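In the two complexes that follow, chain A is the common piece, with chain B as its partner first and chain C second.
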Partner chain A sequence: MKEQPIPERLQISPFLVFYMVMSIQIGIGVLGYQRIIAMDAGYDAWISILFAGGCIHVIIWLIYKICDTAGGDIVSAHKYIAGNFIGKALSAIFIGYFILFSLTVLRTFIEVIQVWMFPEISTFWFSFAFMALCVYIIFGGFRTVVGIAFFGLVLPAYLLLTFGWAIKFSNYYNLLPIWDHSIKELLTASYHMSLTFIGFESIIFFYPFIKEPKKSQKWAHLAVLTTTLIYTVLAIITFAYFSEEQLSKQIWASLTMWKIVEMPFVERFEYIGIANWNLIILPNVCISVWIASRLIKRVFNIRQKVGVFFVVAAVLSIINFLDTREKINMLNDSVGKMGFVFNFIYIPLLFAAVMIAKKLKKGKKK
Partner chain B sequence: MKNLLIICLMLLLSGCVDKEILDDINIEVGVGYDLAEDSKDKYRGTVLFQEFQPDKSVINRTFSGSGKLRQDLLIDVTRQSSEPVVTGGLKVAVFGPKISRQGIYDLIDSFQRDPSIGARVFVVTSEDKAEEVMKGEYGTRGNSTYIYNLIQHNIDNRDIPKTNLHIVSRDYYETGKDTFLPRIKKIADDKVEIIGVSLFDKDKEVEILPLKDLFFFKLLVDKYSKGNFDVKLEKGNFAAVKSIKSKHKIKITDNHASININIEGIIREYTGRKLTSEVVNDVEKKLEKKVERECLKLLKQFQELGIDPVGLGQIKKTQHRKFDYKKWEDEYKTLEFDVKCNVNVEETGIIE
Partner chain C sequence: MKNKRIKEDVEHKEWEKSFIKSKDFKKIFYYNQKTNVRFGLTFMATLIDENIIQDGILPNLLEDEFREIEDIKQLVPVADVQICDDPSLIEQKLMNGYVMLTIETELKHFGFIAAQKEIVRGLSQPEVEFSVIGPKEAFVESMGQNLNLIRKRLPVKELIIEEFTLGSLSKTSVAILYMENITNEDNVDTVRQRLKNVKFDAITDSSYIVQLISDNSNSPFPQLLDTERPDRVAGILAEGKIAIVVDGSPHVLITPTTLVEFFSSFEDYFLNWILSSFFRLIRLFAVAFSILITPIYVATLSYHYELIPKDLMSTLITSRREIPLPPILEALFLELTIELLREAGARLPTKVGQTIGIVGGIVIGTASVEAGLTSNVLLIIVALAALASFTTPVYRMGNTIRLLRFPFLFLAELWGLLGIVFCFCVLLTHLTRLTSLGRPFLEPLYPPRVVDMKDALIRLPFEAQSKRPIFLRTKNPIRFSKKKAKKKKDIDE
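On to the complex of A and B.
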C-alpha cells in the first residue's frame, strides 16, 4: 500500500529545513538553561552542551535513515513496523506530546511576560490572541509555517549581539579550572539540556514535505551545529558574567544579562528583548500545533483544519490551570524528560525496529 | 472575515495592560537607606524623584518612609506622592553609616529580585545619613545624575575600581571574594565627594579605606586605563605619572601568593630642572618601591581583618582543582604575600 505523496507545490526547498530545525529548537529553554546545567556540572557545563550537540547529530542521522527506509513520516514508519492499527495507536501518543510542547512554550513565555513586564496580563486572553494568530498561520498551509519559522529566526537574530554588553563585565577565568567535574556530572548536565535542545525531532514529522529530502540532511546537521554553538557561546558568556552561586539564583539568566544593556534611547532593554522574543516563540508554537494537527489528520483521518481547532482548544483549556512557578517548572521538567525519552531512547529503538522490519521484508520477497 | 477578527482582537486586547505615561508617574531615580530610629521598623528610606520643568531645569524631590521591607517603604512613599511610583529608573542607592555596619544584603537582594531595576545601579555608602545625602541640591541635572556621573568618571579615569549592582552581588556570592563599595560624603549643600572605599565582610562594612590607599587598592582589584600618581623624588622634586595602564597577575601556590603588577605610564609634570633618563629611571624605581610597599601593607591589612576584596580565594579556586573553601579560610590567615611591581615610563611629554 503506497501512501499519497505530497504534491510538489506544497513542499519546501531542502535548505529551509535549517530554519525549521533552528527556530523550533530555540525557544524558552535558552532563557534559563545556564542555571540548570551549572547545578550539575558547575562551570564545566559548556562541555556538556557540546557533548549533547554531538549526540543530536547521531539522532538526526537516525531520523533520516528511518524516514528514508519507511518512505515517509513517523506514521509511515510505525505502519512499516507494526501494521496499520498499532502503528496509528503509537503515533497518537505524539499528538499529546506536541500539545504539551506548545503548551509549555506558550505558558513559560507568558510567565516571563508576567514576571518581567506586565504582572496583570491575563494568561487566557494572551494565549487566546496568540493561538488565533497561530491558527491563522497554520491555515495558510505548511509553507506559511515554514515562512514564519524563517522570519522567527532571522528577524530576532540581532538579539544575540545584545549579550555583548555583558562581555565587558565578565571574568573569563571563572571558567577555570576546566574539567573539575566528573564524567557523570557532565553527562547529567547534558541530560538536562534536553528541554533546550528538543524540537529537532520535528523533522521526522514533516519529512514528506521536503523536496529532495536527502539533500536536506546536511542542512539539518548544520542547524543543530549552529544551535549548539550559540548555546555554548551564550553559556560561556553567562558563566563569565555571573559567579556560580549567583547564577544558581537566576531563573532566567539570559534575561538578567539584559539588565546590563545600556542604550541612549531605552532605559530597560528587557522590554524590547522580551517583546521580540514573541517572534522566537511564534514558530515554536506554530510548528508544534501544526505537527499535532497533522498527526490527528494522519491517525484519525480528520481534516487538518478541524484538528487545529482541537489542539488549540486543548491548549487553551489546560493553560488556565498552570498558575504558579512550581507548576510551570514541573511542566518544563516533564516535557524535557519526555523529549529526552523520545529523542534518545525511542528514536534509536524505532531505528532498530525499522532496520529489522526491512531485513524481514526483504527476506519475504525472496 | 479572518482579517476582521484579528483587527477586532488587536483593538480589544490593547486595553489589557495598564499604561504608564511618563508625565503621570514618579520615577524613582535614587534611594537612600538608614537605620530606623523607631525600633519597630527596620529601615528609614528616602526616595528621590526628579521632576523635569518646562525650562529644562530639574527639581529634586525626596520622600521618606520607614518599614521592615523595601516594599513597605515604597508603600509609605506612595502615600505621600501625587503620582504612582515606579522603580525602573533607579540609578543610585546610598547606604547610611549605621546600616552598612549592620548588613545590607536583604536590600541588595530586593534590588536584584525586582525585574525593573537595572544592573548598572551604583551602590555606595555614605559618611553621613543617606537621607541627608539625598536631600542636597547637587548640580543642575538632578542629584542622582550628579552622584552617578561622579562615580562613573572616577571609575573611568581615577582610583575607584569598577563597581555596580551586578558586580557587588557577584562578589558577594563568589566564594573567596568580598565586596567593596565607594564611599561618599556630603561636604556642602551642593557638593558631595568621594572619600574612600568601604570594605565589606559578607554584607557588613568592616573598614574604610582612605583616599590615599585607593590607588594601590585599584591596582590590586582592578586594572587601570587612565590612572594618575605623583612620585616624590630626592631634593623635594615631584613627578606626575599620568595615563597609567596597569595589569596584575596573581599566582597562588600552597601557602604563598605572588602578585605581579605591571604599570605603564607617561610623565606629565616634573618640578626639577632636567628630566634626564636617570631621573626617569629613578621615577620608575621609586614608584615600584612605593607600590610594592603599599600593596603589601594593604594585603596584610585585609588579612588581619579577615576579608578578601582582592579575591585571592577565587583566584586560588581557578588555579587548583578540587578547591576546598573551608580549608582556604584557615590557609588565608597564614598566607604569605610578595608583591612585585614593574613600572615602565614610556613617554615624557613633548619637551625634554
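On to the complex of A and C.
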C-alpha cells in the first residue's frame, strides 16, 4: 500500500510547530511540579529543569532525523525498520499511550476543579462536554487542532504576568546555597520533570502535516527553549516565595501563588486562573486524541471519524473509575514514567534502528 | 390620417397560451402608411415605458418606409435593437421589458426593441452604515444604478462585471465584480461555481445569496459582508476581493471576508490612523463586554462571590438584598426585556418605535427595580451591554452578538466561570473552523499573519499599507511601491 502524501492545503506553516509543541507541553504538570522536584533536589531543582530541557533538544534533533530518514511519521519509521506487520503492531502501542495521556490531563484538571472550585461537579458530565468539544475540533481537521493549540497558548499567556504578584513577597536567599545537592539527586529531579515536559514527542506523529518540515526544526527547538525558561523562572519564583517546608505541603504550588494576586475589582484570582486553564488543557487533550485517532487510521485503516469516537468512548468509560486522589496520582506517575521511557529510551533506540536500516538498505542497492 | 388599427383575434401560438391570461399582455397590429405592410407589437404593458413606444417607435414605423424587419435598425431610434429567429427567447425578452416586433412578410424573424420602464428610487444617504465624514451616497434597488456608482469610483478597464441570472422564477440578475489584474482567479472561480450551483426559485434580495453561497450555512456568523456604501465596495475591489451585486437589493456583498472586517467601519479609513485604531479597539472591547458581562455577573453572584473585594461586594449585596430571584432569572428577565424592546422597536414605524423605546427602557427598567424584581446594578450592566452591542458597524454581526449572549448565560449558570471559558472555547473552535470562500475566517489572528495585522485590530497609516492582504493571494500583491530613498530629515534641515 502506497502512502498518500498530505495535500498542501491541509498542511501547516513551519512556525506553527512552535505553538503546537509549547501548548501540548504546558498542561497540568506546571500547576504543581515545584513540590515534586524540590523533594529530590531541594532548591537546586531549577538546575534540573535546565538540564532536562537540554536533553529534550537532543531528542528533538533525533526525532527530526528519524522522520527525515523514514520520510513520514512514526508509523512510516516502524515500517522502515521492521516491515509492515511488526511496524503496525509497534505503532498500535502508542494508541494506548495517547489515550492514557489525554485521560491523565483531563482527569487531573477535573481534580483541580473539584478541589479548588466546584467540589460537586460531575466528572463524567464535564468530561463528556469536554470530549464533545474535542470531537468538534478534530472534525475540523488538523488545521483546527493547530488553531486551538495556537489560541490555547496565546490567549492565556497573560496568566504568566500574574505570577509577578508573588515576586513582591519573595526572598531569593531561599535559593542559596547553590549546588548543595548531589548529581544523582539533581538527575532524579530531572527525571521527575517528565510529566511536566512530555508532549513534545507529538512531532513524530504529525510530522507529515508540516509544510517544509526541515524549516520547522528551529521552531521546535525554540518552543522547548521557551518552555524550559518559563518552567525555570516559575520554579525560581516559587522557591523564593515558599520556604522549603511550606512548599512540601503545596500540591499545586502555582495555584497557591495566585491567592496573593489582588486587584481593585478582583480577589481570589485562582478562580479566574483555573477557569482559564480550561483553554490551556484543551489543546493537550485534543492533540492527543487527534494523534490516537490518526494512529488508529494509519494502523487499522479505519476512518479517522470512527477512530475519534473509539478514543472518546475509551476515555469516557475509564474516567469514571478514577475517583480517588491515589488513583489519579498513580495515573500521573505512570504516564510520566511511560513518557520518560518513550522519549528518552525508545526514541534513541528507534533512531539507532533507523540509522542501521538506512545503512543496510544502501548496502543492498549497491 | 388613414391610421387603421386592427385588433385581431388570431389563433394563439403555443408560447402565448399563458400570456393571454394576463391583463398586461398586449398584442397590437398596425399598417405602415407608405408600404402598407402589416406589423405587430407585442409587449407587457407593466414592464415597458409607453412613452418610448409612442414617441420613439410608432411614429417612425408608421410614417417612414418600412418593408422588411432589417429596416427597424435604421428606423427605430433606440440603442438596444435585436433581430433573431429563435422563438424560445420570446418569453425571456418580453419579461425583460422588450417590445417584440413581428412583420407579416417575415414570420420567422422577431425584432426586439428595448423599452424598459426604469423605476429608480433617488439616491439617499446610507442608513445602516451612516458615517459623519465621507461620501453620503448609498446603493439603491436598481442594479444599473449601483454598478454606475461603483464604476464611477474605479474607472479602469480591469474592473470586470460578469452577469448571471439566478432563480427559476425570479430570474434575478446577479453580477460579480472583480479586478482582472489583481483578484485571485481561484476565488473568482469559486464564486462563479457557487452562484451556478444556487438552486432556489425566487431570489428577492442579496441576503438570499448570502445564505445560499456561504461556506457554512449553519453558522450564526455572517460569512459575506453586505454593505450599502459604494465607497466601501470600491475600496475592497482595490484590495483584491470580489463584490456581488444583486438586482433589486440595495446591499452589495463582499467576499472573502474575515471576522475583523465585521468590526471595522469604513469610516475608519476617513480618520487619522491613531484615532481609527483607537476606535477599533474600543469597538472590540465593547463586543467582548457586551457578550460577557451579564454571564460574568451571573457566574460570580451564583458561585464565586469570593472573587469580589469586600467594598464592591457590599454595594452588590445592598442592591440584591430584596431580590427574590436567583441571578440567572434576574438576568434573563432583563435581557429578554431588552430583546423585546429591540424587536418591537425594529418592527414599528420610527416615531412609535422611539416612544416604545423610551417607555420600555425607562419605565420598565425603573419599575422593575422599584418593584424589587431586579437589582439596579444588573440594570446598569444589561443596559451597558445593550449599548455596547450597538457599536458593531455591521448590522448582521450585531444580530449575531445579540444571540451569543444566551449560551454564555446558560453555561455561566451551570458551571460558573468555567462554563464561560468552556463556551468561549466552543465559540473559538467554531470560528477557527469557519471559512469564507475557503479562506480562514479568523485570519490574520489564525493562521497568524503579522503582515495582515496592519489593517485588522488596528489600522496603520496608508504609507504602511503598501501591500494587499496576503490571505487573498492576489495576482499583484503590491499596492504602490514604497520609495525607499525617502530620507528622514534631521532636525532643522
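Simple rule for what comes next: the second predicted complex is superposed on the first by the 364 of 366 C-alpha atoms of A that agree within 3 Å, B and C clash if a C-alpha of one lies under 4 Å from a C-alpha of the other, contacts with A are read in each partner's own complex, and residues count from 1 in each chain.
Following the convention adopted for this analysis, a residue touches a chain if its C-beta (ideal position, glycine included) is under 8 Å from a C-beta of that chain, and two chains touch if they have at least 3 such contacts.
It should be emphasised that the depicted structure is a prediction, and the values quoted were computed from it without experimental measurement.
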First (chain B), second (chain C), both or neither touched by A:Val335: neither
First (chain B), second (chain C), both or neither touched by A:Val266: second
First, second, both or neither for A:Leu234, with chain B first and chain C second: neither
Touched partner set for A:Tyr136, first chain B, second chain C, both or neither: both
First, second, both or neither for A:Val115, with chain B first and chain C second: first
Touched partner set for A:Gly147, first chain B, second chain C, both or neither: second
First, second, both or neither for A:Leu295, with chain B first and chain C second: neither
Contact residues of chain A, present in both the chain B and the chain C interface: 117-118, 121, 126, 129, 133, 136, 262, 267-268
List of chain B residues in touch with chain A within their complex: 2, 5-6, 9, 13, 16-18, 88-89, 112, 115-120, 162, 164, 166-167, 169-175, 177, 315, 318-322
Complex contact set, residues of chain A against chain C: 12-13, 16, 113, 117-118, 121, 126, 129-130, 133, 136-137, 140, 143-144, 147-148, 150-151, 262, 264-268, 271-272, 274-276, 278-279, 282
Contact set on chain C toward chain A in their complex: 303-304, 306-309, 312, 415-418, 420-422, 424-426, 428-430, 432-433, 440, 442, 446-448
Chain A residues within the chain B interface of the complex: 115-118, 120-122, 125-126, 129, 132-133, 136, 139, 169, 173-174, 176-177, 179-180, 241-246, 249, 256, 259-260, 262, 267-268, 270
